[in-house]
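Listed after this line are the structures, all set down as structure tokens.
Below, chain A partners chain B and then partners chain C, in two separate complexes.
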Partner chain A sequence: MTSHSVETYVANPVEDFIRAESIEQALEVRAKFGSECYPLVGGTDLLVLMRAGRWSPRVILDLSRIPGFADIRQTDSELVFGAGATAADCLANEFIRTNFPAMYKSCAWLGGPQIQNAGSLGGNMATASPAGDTVPCVIALEGTVVLKSKRGERTVSAEEFAIRPRKTVMEEDELIAEIRVPLANLASDPRGFQPDAMKVPKLHTVVPRPPFGSGGAPDSWMTNDFLKAGPRLAQVISIVSMAGFVEMSGPRTVKRLRLAFGCAGPKTMMGKSASAVVEGKELTEELIEEAVRAVQQDITPLSDVRGTAEYKRMLCSNYARLFLQDVGGFKLTGTRKASETLA
Partner chain B sequence: MAPVHSPKAPAKPAANPQEGNGHSANGNGAEQFYSVGQSPLRVDARDKVTGQTQYADDLHFTGLLHGAIRCSDHPHAKVLSIDTSAAEAMEGVEAVLTAKDIPGENQIGIIFNDQPLLCDGHARWYGERIAVVAARDPRVARRAVAAIKVEYEPLPGAFSPEEALADGAPKIHESNILDTMHVRRGDTEKGFAECDVVIENIYRVNYQEHAYLETQGCVVVPGYGGSMTIHTSCQCPFYVQKGVKTILGKQASQIRVLQSPTGGAFGGKEDYPTEPAACAALLAWATGKPVKMIYQREDDVEWSSKRHRMAIYHRIGASKDGTIKAVHLKVLEDVGAYGGLSTVVADRANISSIGPYNVENIHVDTYCVYTNNLFGGAFRGFGAPQVTFAHESAMDKLAGELTMDPIALRKKNGFREGDTMASGQPIPGRVPLIESIDDATTLANWEARRAEYDAHNATNPLVRKGLGAAAIIYGVNLHAGGEYINRSGAHMRINEDGSVNISIGLTEMGQGLLTAAVQMAAEALGISHELVYCNQIDTALVPDSGPTVASRATIMSGFPLVDAAKKLRRTLFHRAGEMLNMPADDFDLANGKFFSKKKGLSAGALLDYMDVVGACFAKRENLTEVGWYRTPDQPWDKATGQGIAYHSFAFATQIADVEINTASGQIDVKNFYCAHDVGRAINPNMVTGQIEGGVVQGMGWGIMEELHLREGKALNPGFTDYLIPTSLDAPKIHVKLLEDPTVAGPFGIKGIGEPSLIPAASALANAISHATDHHFTELPITPERVLMALAGVDQKMLEPAVSMSW
Partner chain C sequence: MLMKNTVNETRKPLHLRVNGKSYQISVPPGARLLDVLREDCGLTGTKEGCGVGECGACTVEVRGRAMCSCLLFAHSFDDEEITSIEGMAPDIQHLHPLQELLIEAGGCQCGFCIPGMLMGAKNLLEKNPDPTDEEIQAGLAGNLCRCTGYAKIFEAVRNAGKVLRDEQQGANV
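This part shows the complex of A and B:
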């Protein structure tokens, strides 16, 4: 038997580094070099892979200086993130803080300040890692990805963007230009805004929101949230993450539930079976447990150095429970026995 | 195989450990201190904070080459052939060397002659070095080692001590048992028969990576006559000197080792830096050019030593009133492929395994077992944190069985003055264990908090709270097995302008030794610390003073500094006597002023330090002295583990305060309450800093750091997935220093480097057990282990492949 391949941890030389001044120029470069060109904004993922010798692009295309590429704005119907918007850009946005707490939290818990300043939402999406923390937030709220190329522009649903780790529907000549989330899904939570819940919480748990005021619950309301597990509080890749979005028709009646799980399969996994359990029904503790068990049908986590598949499965169910308990105004509880959850 | 250094048991009885320059401050009866006990800024702080410090990788020499190492692709294999032709053909490659090119002896083992520098045909782990390369560009060197073709015949491997001890296990060396240690006291059979409660557990602890910021690195520069000057990031320059001289077949005088400023070590730069230095020296010898060898992080994690993985089979019994009657342990240490320092680590584990408790009947067997895993070595605590996890977890479990408060159980059995250590030696001096327990429990408000948390946990299903304690006895300085190297020297020289150069034989590695040495030298001499400059260690300047380990550096640099200062003071007092026509023996010198010893400084200063130095220079007197210190003898009986294990002991209690998220298992460490017996704090700020650092490093090992191995291969050798605590994870750390300067060290000091870490993981484990009502027997207690325990899933971290009876 002869030797295996030896990891050198030496980046191979890059032929060219092109800093695009405009989206048009970037698309030209993309069209010319195709798969040999790797576009980046912060490079927080790519540079690590390059150093490990696992990725050797011929050309690096820097998108970070394109005017307007990092803007976050609103149209009549959508919240629009320029693909170059960083986590820090999201954290500085008041609308995201109040109306899109899931995205705010995923950015606040992502890496550390250096990563938050450099890494972009477009990069998080394009890398197509199941551990990308902002991706489940976009997917849970039915966001879309706007792709551009010299050939034109197309919009795909964020849920269908990633195929498997590091593989997406993006063509070799395309770039992510924008990520969009419908404003219809971003109405503010009538239970009020919880500034404490926005801080990096030492236990990464749900800070229960206050119950509805004297007027009771409105006929229609919605909320979203994000949870993540890691052995430490910063610079940690998620063991499991979950973004939850719910639209309600009454204090405890669920109209629509979307649970998006990170690190629970080859891409962001949707808890559709749990949605089927609760949609159109009034939440009870029993119904929540039914949904918690149903989560297991839609996830396929693997065991790796970050955790065993069983642990990840327990986390997905426990996070679904916490989210639904908070939505229904029930007392928050911890794990149940594995035999009750995984069965 | 035979140990290279076999410490022979001295025939004569132990000398009084209190003997020597011990108690009195500067050896001259001075009561008041001017430098010791103060917290001046660290001498190296400004340079390090502003990025001025030149570490090994910052050094440049004309014609510099860069070294790289090729290691085995199998954990256990015969190496059939090595084809270096493709590497040699690469542009910029200047040397590709294998075992056959070594001019001296191909042997790098520090205690046992069991480890070749370059593979001798039998690769015993993934870190087995096959070949080394020097090239003009570091990237070319790394590509060249990858281009070396190696043919193997893979052999079956053993990946746990249990596997290696099983019948028919693959032979890693002649015997898979490297060594065994024991403690025998009383009669455990009789002891257990008298017990009302006996508990048994198998405790398992995992590796810990040192995770120093600066990876292993060195530069070797050839000099005249085949000599070599080595700049290396290390703890023990004399180990490097010995290793390199063996490989190159040189004399010690030809190998000069200068410690480069070292960015953290924690034990990971005790023995290991010899290996990259010997590789670089071999390449420098072959090419005649300077060679730099800097490890990438992944190399460092995969190839350098780790805190040993151990399995501790533990049985403890007590009578109803809580009196511990007997303890029986079997400790299995996973040595890895080569002996390294494993036997001396096991010595400390063996004798520390009972904890700070009176136990009449003790039976301990400690086995050092070879495996095909990466190798264990020195790491802050040196075997003690592992056994501490066992005895401190067992104490809490025992307290539960007896329905006693864990603190009350500890105090009932804890050492007091005049008690006898597991080694059969009376503990010398004061024994402030109970004081440390009381101080820590007061800081933590133990009783009220435990009750409050029990009430909280009864009604709060999501977030649970816990408070847990751990207490230790720590043997300061080297174990009896290291007696033969337990001595040290220091140079002290007064310059014409009154400034003083000191050279010590121990290393600054981030812990603050340079500053402490300056403070001690200034105090011992009687001048301002601003006049003293301490050289970074250089083997050409000072005699071999043993390793900078075992929390011994301040003690072992302090003693010879005091000795050298005494000699210089004799010269100064003689000169002062001539100047004032007074008897020399009536002088004292403190804070730069000469005064009459009889009348005291309050009667007025007689002369200024600078005037006397000037007079000495005018008379051409010698103002350079060498100080020396050797520890008292440590007789030791290996078969029973009885004798003088250590000459002084330090005590500590730490209490951890945690919250647990029962949905995810995540742990928030909120507070640590630490009461440490330090003898005397030379620099209280630095001592507190040591304790804070020890707590956080111990916490990392306790709850998050986990190196995953698959058949000996590290699966997470980088900082992406090997997680150490960040500043955000660090708890609030409340420190109480117990000062009792009546002990054997200079100025009454004990060590603090290791005791700061040893109890931390155990205190955390007990806090987590309190919060979750689950007895954890494996470290690290990761969020996964917490959640799975709460979810009722039995999850074994290190499933023994072969069960072993006692």
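This part shows the complex of A and C:
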């Protein structure tokens, strides 16, 4: 057996590596080491940040082998993602493709295939980056995060989970066990039942909702979608992203609208003012423009290497417009210049 | 088990099975799978391009899936099976169809991206044996090549898909 000097290895000054074989064992380790222990699933954030010298954990707690930790299942009322479920697991799930196109699309372009095979929804949530692509999808659908510790279990709304970049409500001894989304918000979605459109989904625009059949729109229907801008499709951090969810009570009457924006503030930002504009009303092209302007009140993007604040503001409004126009069955008028949207 | 000297001298025993061969070694608890494959197992086919998950040169197959070994801890895979590029060809006389057809298409220039590209392509064809051009692009989006311009690589993947489908059909007859 050869023994190499430490210079052989990219220095990860970690003192111990514990691969948990059960959630109970993981919670013990977490309780013992607290903030010095970093949970690990795919490592696609952890190793990048360690290499950049931003994180230096003393103990690595590997969760990736805990039986059932990556399962995706349904209860009577919820779609339940084990925190270890990867983007690839979501893409292989038929229910997600048909009923949760937002999540499917965000996973289809999360990094590249290798990153999708490794990166987990729990890791995306815990990293608490405003650019985490699956996070707005969970928040727009009013999902929750289930946290476990030796002390017990609690559920927090996904919207309240992140406080600012890399800061969450999770305590030092807690782990994300599950991410849940109410099934009531995932009723059959006209968008998802288009296997061809979903194969290699376009990110910068909506999956066009198919026209309603001869019977017209059902009395009550809902849909969700995800849009993302990046310098290329794969392997890029979003410049801006948006997950949209709408519940309708008629062909054009909005009951509930949830718009969740990524990279538009210190955490996922909710377009609450836009919701207030359209809820209880029938969508018209004028009303959509009013909602699109209202989006601007709820976002606080900063200028950075990926784009100026003005550019990001423009994208947020354009995405809200595309989503609402498609929901209402209006012609997609495409994107507008910043000067028109922000006036 | 944990040796409590200075952090850097800590070693932890590890048993890997790489391409069917067993390796009983002892490496730092923070060691990346990439370094262990190259330095401890002597399998230098797996390359490090970027070290941060962007280029795919370090792609290996673990738990039946292609992943970037620069973003994996070796100790995650204690007692597990790993396939690296050295395990792709069935034996020394016969290359994998992807390898054959890549040579035939002239899809290899400097070669640095190729081990990862092949592992990525294998992952793609296993999931989707008959990919469209768009699906090949998406399926290899995690592998960067700075030489070839991709056209000949994609051609090799298309052709290999066909060969593998024919083989599969032959096996089913």
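Remarks
One rule holds for everything that comes next: the second predicted complex is superposed on the first by the 317 of 343 C-alpha atoms of A that agree within 3 Å, B and C clash if a C-alpha of one lies under 4 Å from a C-alpha of the other, contacts with A are read in each partner's own complex, and residues count from 1 in each chain.
Keep this in mind: contacts are C-beta pairs under 8 Å (C-beta built on N, C-alpha and C of every residue); 3 or more make two chains touch, one makes a residue touch a chain.
None of these values were measured; they are calculated from a predicted model.
Once the two complexes are laid over each other on the shared chain, residue contacts for A:231 go to chain B alone; chain C is not touched. In the superposed model, A:321 makes contact with chain B only, not with chain C. In the superposed model, A:331 lies in contact with chain B only, and not with chain C. Within the superposed three-chain model, A:15 lies in touch with chain C and out of touch with chain B [touch as defined at top].
Shared-chain residue A:64: touches chain C; no touch with chain B. In the superposition on chain A, A:75 contacts neither chain B nor chain C. Of the two partner chains placed around the shared chain by superposition, chain B is the only one that A:306 touches, whereas chain C remains out of contact.
In the superposed model, A:115 lies in contact with chain C only, and not with chain B. In the superposition on chain A, contact of A:47 is made with chain C only, not with chain B. When both complexes are aligned on chain A by C-alpha atoms, chain A residues 1-4, 6, 8-10, 48, 112, 200, 233-235 touch chain B in the first and chain C in the second.
Per the touch definition, chain B reaches chain A in the complex via residues 70, 73-74, 139, 142-143, 145-146, 148-154, 296, 298-299, 461-464, 659-666, 668, 670, 703-704, 708, 715-716, 720-721, 723, 725-726, 728-729, 782-784, 787-788, 790-793, 795.
Put simply, chain C touches chain A in their complex at residues 2, 7-12, 24-32, 35-36, 39-40, 51-54, 56, 59, 65-68, 70-73, 75-76, 78, 120, 123-124, 132, 134-135, 137-143. Contacts from chain A toward chain C in the complex involve residues 1-4, 6, 8-17, 19, 40, 42-44, 47-48, 51, 60, 62, 64-65, 88, 108, 111-115, 117-118, 199-200, 233-235.
Looking at the complex, you find that chain A touches chain B at residues 1-10, 48, 112, 200, 202-205, 227, 229-237, 239, 305-308, 310-311, 314-315, 318-319, 321-322, 331-339, 341.
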